[in-house]
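Okay, so chain A shows up in both of these, paired with chain B first and chain C after.
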Partner chain A sequence: MFNPETLIRKGLPKGHFKDVAARSFLGGITYLVVAIAVLLFVKIIIDGAPVLFKPEAPFVDLDFLTSKNETLHVFDDAQGNRHQLPAAAYSQYISQHGSATLFNEQTYSYSGGGIAGPIAGTALLTIGSMILALFFGVSAAIYLSEYAKQSPFIHAIRLAILNLAGIPSIVFGLFGFSVFVLAVPVITSTPSDRSLLTIPLLIGNYFLSFQGWNSSLMAGCATLACMILPVIITASEESLRAVPQGFRDASLAMGATRWQTIRKCVLPFSLPGILTSSLLAITRVAGETAPIMFTAAVAAKDDLPWQGLKSPFDILSSQVQALPYHIYTLAARIPSSEFTQRAQYGSVFVFLLLVAFLSLGSMILRAKLRSKLKW
Partner chain B sequence: MGIVGTSAVLIFLSDRQSHPTKHLAEMPHEDPHPPEPVHRFQKQGFSYENAIKFFFASNAGLTIVILALIIIFLLKEGLGFFPGYQRELEVYRIAGLEFVDISRKNLTAHEQITSVLNRTYYAEINGKCAHQMRRSQEASALFNAYSDLTAPTRDLIVSNSQPDSSPSPEMIASLRTNFEKQKSKALATLPPTPHLTPEERQALIESIRSRAFDATDDPPLVASLTTEFAEAREKQVKPLEALRTTIDTFESAGSELSSLVSELTESVTATKEKIQDADILEKDRKTLLAAASSAEDPIEREKLVSEAQASLAQKPDIEGPIRILMERRPACIAAHQSLKNAAATVSSQLPNTLTQPEASRLLKVAHNLWPLFLADLEKTPQKITDWNHLKPVALSTAISSFITGKDWVTGGEWQDFYGILPLAAGSLMISIVALTLAIPSGIGAAIYVNQFASKREQSLIKPVIEFIQAIPSVVLGFIGILIFGTILRDLSLMDSLSWIPGFPIEERLNIFTAGCLLALMSIPTIFSLAEDAINNVPSAYAEAAEALGASRVQTTFRVIIPAAFSGILAAVLLGFGRVIGETMVVLLVAGNRIKIPDFTSGLGTFFQPCHTLTGIIAQELGEVPLGSVHYRALFIVGILLFAVVLIINATAHRFVNRMKQ
Partner chain C sequence: MQTAIQIQNVSFAYGAKQVLHDVCMDIPARQVTAYIGPSGCGKSTLLRCFNRINDRISGAHLTAGSIRIHDVDINRADIDLQELRRRVGMVFQKYNPFAKSIYENVAFSLRVAGKTKRADLDDIVEDALKNAALWDEVKDRLHSSAFGLSGGQQQRLCIARAIANQPEILLMDEPCAALDPLATLKIEELISELKKQYTIIIVTHNMTQATRCSDLTAFMYLGKLVEFGPTMQIFENPKDPQTEAYVTGTFG
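Up next is the complex of A and B:
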């Protein structure tokens, strides 16, 4: 590393120690951050993995993922054995053994059963909002990258995207609550008192009433879509712009129209990029709690979202459980004890696994894409 | 979609000139071939192609619409707050609550000083016999840990063994075995006792193990340590008698004012209720009249109007109660006078220092509070004489009392106050902690990864930090509440760390816990933006520096960092924006106590719980009635957040643009 002759004459260069010190200090900070992050994951994996996995075949315990969320009953029987049963199994036990032989009974809300309801709710919310956001976002990105020229309108759109991207999620919650829950129009025969504006329709006895969708899957999806829209637009525009200009020129030169060019020569090549970056957007949508607290989520629900409906469309106007809100409930509303830990760490572990899976997928896809698409 | 359409149409019109089909339609005359007949729609610009463009443009315009809707609806729900709050403050004044609050404020200050003095006194005594106190506390803690675990079963057995109950013998037996199980489990998980000798601990555990089942007295060691502690305290009480008397004198000096305040409180609350009832009736009447004016059927209208007339509220009698209030003025002033005299004497009698550091610190706090308290008392008689219930409350008063209000009190019986300061202070304190931790580590990591790390290190560090960004905030909050908070509390209980101000912490969830987690959350933002900024510095800079003989560190810190400075600043600002807008972590971890942190405890302030701007919205919006003043106050908080974050982002982007140039 050093010229031996110089070393003998002058010793180590003066700057060397400073160099090493600065480098190791910065390296120390960096690895400290990495170590803290890894420690957190390890802690959650250690506490959460036993809920989902078991030592003997088939190694995965799907019960936690596929059963509904229930209240947990903990009690001793006459032989002094401790039982932990979710509500349904508990009432079965009571009907078999009678309630006289139970001692030390304690109940823990939300801690029994599994998390099928929250998972289903989060899946529905994510799918709904991603469909909306991708539709509007990709269209907007196409306009920005393929049609737009310098104009005040474009400037305003870019400013709006920039500002939307910075708005705190709780403000989106307020927005979603005041707009989608309380103000958007619905067609109904019985307008509510708090309707902002009621317009009688000529068909039948129906009104177009600006009274909102109440707290529902629909309102939650719309709020989340608004929140994620700037992310989708920015990412999609980047992917569209990555397609070489030559593709478009060639297509236009062959006499194709603008739309044909976009459809055949731009979109197919940018689609993988768009989908990859929307995987990351999914992790954000799935993880947000604040926007859905007042617009869609409910702490406890007996049925899965698609059960007990009169018509399939009712699913849109019903409240759902959601995984992040469920974790909030578990962390904030019930005191932690040895009996609640299964639900708590299990939910967090499943959630983190989901997020890790999605972001890992996005990372791998992105790397693959980079090596594959080189114009 | 209406607005989208309009704005898109505008664009569509402005962009039309440049469209190819339009050019085609306007081809110059020298074209040898006659132009093909153009479809009528196409001539007007409504071609298939243009329709598609219009569709995309309207989707892009949707972003503007969403932003506009956010602003419009926040303002729509929020702006009604100020008139509503103005009316509430008006009632507060007319009913005389404000008058009572003048005295009540001094009473609270008096209570606060008394409690500080009492804490000083006990800190002095306990500090002098700290050893005995710790030993006694540890022994009791150990015994309590055992009894907490076994008490439920024990109680069950005792209640079943009563002569009048007739339990089955096998049940008693099973309970007994259960008890033994729990007992051995409890004995295996006893808390540590660093100040007891191992022999003492062993003896204590033995005595617990061999304890009679239904014994109610303490184990001998616990009892003897308690007596020992009590005796040690007894010895310390003597020399401090003078201080005790002084504190007691001061404490009793407030009793006159206190009884006066509680007497007045009752009467003004009754007046306030009357006024509020009248307000409600008045509102009903207006609704009825409005319904009447829109009713088409004359009979219906007549009915509604007469109903409105009937409900016409009698103006509540305010003057009577106010007169009674005014009559109590001299008594109020006299009570303040006597309190002031007592306070002045007591402050001169207090010692300046005490032997224990904690006691001295608290005494200093008390001494610092004193001048303020006396000055307040000085001004009070004037305030009481000047107070007038008919003085109007201006809208600006409502606005200024929102911005500078030190209380956020809601749902109380006395009076709701919406002051933003405690929430803003909480948000700011948490941000300070988070940024103090996140700026060095985020930027340091960015410099390291970009300048010093090898390719392999980069491919390890970057994904981990990116993954931190992907962790949902509610999961971080969960980690804070269940893991980090507990670790922090256990750390703060260790003797070797007691030199840190604020340790041992009172609350597991506090500003510091929340700040740490938010730091973890904002590190990825700061890291990736700062790394981008450093990466964007032209390589020629570094090459030139190295050619001049600068070492790697010199190049980095004297050339690259200054060149990337505005980009790094933007990264920090965006990190700040993320921290201040974060909801779930602070809602779960900040402790949710709505109070301006007590800055008298120095750095220990950071270990107090607080509440935040974002947290209050998330916590209270679900519970407030739609359209109430409280509901609107939450929207105003939302507007404030929105504005703050917009300003931060705008500044950050200005820095980014400067960097690009």
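Up next is the complex of A and C:
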């Protein structure tokens, strides 16, 4: 006999405490993670924003973005006023007041002036490596998705590419150092002593010398490009596969060749996908320190990358500063104090802003192109 | 009656999976030939052999026999595939215009063939759209996206695209499968108009469609050609009991 009274429970539901415990535990962990992220951003914004922004117009400290970084001199003058001057202003001060009236002088490397050098260097590294990575990555993706037969061999290649994405960036750094910095061939009339192999070219007095590109912008770009190639290849291949087969069938049935089909009917429609996923790769390239440590970056450089060159091509073989490496130098290579914080948190803040803008850009671009290209 | 396509003992396989077994038939020119049969009977595969669009699928190959179009074996090694596909146009089951303008869709086959003179293209595009009975509906918006058209219009655009090159043969793989009855009717009217100029081969699941617009009908089952003859005969007094069962609806 069914007793409807049994439907009404007495007391708390069964397992009530377990349920509450599980919910609070999982929720607590989630909010903890969020709190850590929030804390991180708040810390950087609190310490970094005042460096970049200022209360009076134009509200952005353009000097910080556009001047080179210099050594910071901290000292007291005869009246007991504390001064913080970057190197150029410091020597001006000395020439006006003489050096006899300085007390308690301390110097902090790289902490004065701005971060124009690292910003320019990061921009060049990013542009260069993206050009290389897109060229090689999209080419490989087109081959894999459009031409290659789906054999076990191609599967193995795809797996290898995927695995490449999991290799730590410091390994790419070492690889770039041993290959691009020390071993790739160059054509030169004066081969270096440490060249692995020199082959006379019999044209003029030139040699093909396997001596590498030294630590240089192009070695850095090549290393960074290797690092993000797997990401670009995988993302591009997916975008290519997302183009409906009907387009390819129709194009081939209209008498187009394979290449015409790819150029006119597949690539244009996969380009938005390729570009948006590449934007995510850009933020990764801009942020990596390890691959450029031995291949391209210097801690200090007097000129901006394009200054003091004999020919425009020399920019490729010169070393550059870079934002992540600059942050690393400021944080780890010089003693940290209240006077180095300005440069440290300023750089980090500018860098975060940059990454945020790029991510936002990629989201907007994706949304725009998605709505434009529907099939 | 001139023969457009001679199919001699054709067997076809995707890798190890044999899908066509020893098919023999002659398809006459300037007629509409319909293929009917249950799904997976190989009729689409056979159709896709006529312009060798199956080449793209890895492992797809002819295991025996030959297909001759106006007496040329199209599986010869020295066939110009692009020219073959210009002579044998194709319309697909799901209308698939490119994500380009209406004009560019029709001009596509001409552009890839290297014709780029604007005046010529304008004429050919207009003719093709007129022949596909679409001109009046789109003449004011030739340069807007093809995706703005209705399904039936998009399929007629695909037909216009396929006939822009003046092919000999027009292959239609269930051209009305994704369309409503009214759009279907329009396409069928178009087919009876087009057969004056082209040899049309159509695959269809809709048997009344085969009776309405084809001159000849071939019934295929399990990769074999069961019966091929005038449409009236296939539907009204088929010789083969399997055909009879299929057209009367007692199986398949």
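In this section, the second predicted complex is superposed on the first by the 339 of 375 C-alpha atoms of A that agree within 3 Å, B and C clash if a C-alpha of one lies under 4 Å from a C-alpha of the other, contacts with A are read in each partner's own complex, and residues count from 1 in each chain.
One rule holds for everything that comes next: contacts are C-beta pairs under 8 Å (C-beta built on N, C-alpha and C of every residue); 3 or more make two chains touch, one makes a residue touch a chain.
Since the model is a prediction, treat every value here as computed from it, not as a measurement.
Participant: Comparing chain C with chain B, which touches more residues belonging to chain A?
Facilitator: B
Participant: A:89 contacts which: chain B (first), chain C (second), both, neither?
Facilitator: A:89 sits against neither chain B nor chain C.
Participant: Should A:150 be classified as contacting the first partner (chain B), the second (chain C), both, or neither?
Facilitator: second
Participant: Contact-wise, after the overlay, does A:269 reach chain B, chain C, both or neither (first, second, both, neither)?
Facilitator: A:269: touches chain C, not chain B.
Participant: Tell me the contact category for A:331 with respect to chain B and chain C: first, second, both or neither.
Facilitator: The first partner, chain B, only.
Participant: Based on the superposed arrangement, let me know which partner A:257 touches: chain B (first), chain C (second), both, or neither?
Facilitator: After superposition on chain A, A:257 lies in contact with both partners, chain B and chain C.
Participant: For A:248, is the partner it touches chain B (first), chain C (second), both, or none of the two (neither)?
Facilitator: Only chain C; A:248 stays clear of chain B.
Participant: Report for A:299: first if it touches chain B alone, second if chain C alone, otherwise both or neither.
Facilitator: neither
Participant: On the A-aligned overlay, A:65 touches which partner chain: chain B = first, chain C = second, or both, or neither?
Facilitator: Once the two structures are laid over each other on A, A:65 reaches no partner at all.
Participant: Just to be sure I read the superposition right, which of the two partners does A:208 touch: chain B = first, chain C = second, or both, or neither?
Facilitator: neither
Participant: Report, in rising order, the residues of chain A that make contact with chain B in one complex and with chain C in the other.
Facilitator: The overlap between the chain B and chain C interfaces on chain A comprises residues 149, 257.
Participant: Contact residues on chain B for chain A in the complex?
Facilitator: Interface residues on chain B, with respect to chain A: 7, 10-11, 14-15, 18, 48-49, 52-53, 55-57, 59-64, 66-67, 69-70, 73-74, 76-77, 152-153, 156, 170-171, 174-175, 177-178, 181, 440-441, 444-445, 447-449, 452-453, 460-461, 463-468, 470-475, 477-479, 481-483, 520, 523, 551-554, 556-557, 574, 577, 580-584, 587-588, 614, 617-618, 621-622, 626, 634-635, 638, 641-642, 645-646, 648-649, 653.
Participant: Residues of chain A touching chain B in their complex?
Facilitator: 13, 15-16, 18-19, 22-23, 25-27, 29-34, 36-38, 40, 43-44, 76-80, 101, 103-104, 136, 139-140, 142-144, 146-149, 151, 153, 156-157, 160-164, 166-175, 177-179, 182-183, 194, 226, 229-230, 233, 257-259, 280, 283-284, 286-290, 293-294, 324-325, 327-328, 330-332, 336, 344, 348, 351-352, 355-356, 358-359, 363
Participant: Contact residues on chain C for chain A in the complex?
Facilitator: Those in contact with chain A are residues 51, 53, 56, 58, 82-83, 85-86, 89-90, 92, 94, 96-99, 108-109, 111-113, 147, 158, 161-162, 165.
Participant: Where on chain A does chain C make contact in their complex?
Facilitator: For chain A paired with chain C, touching residues are 149-150, 244, 246-257, 260, 264-265, 268-269, 373-375.
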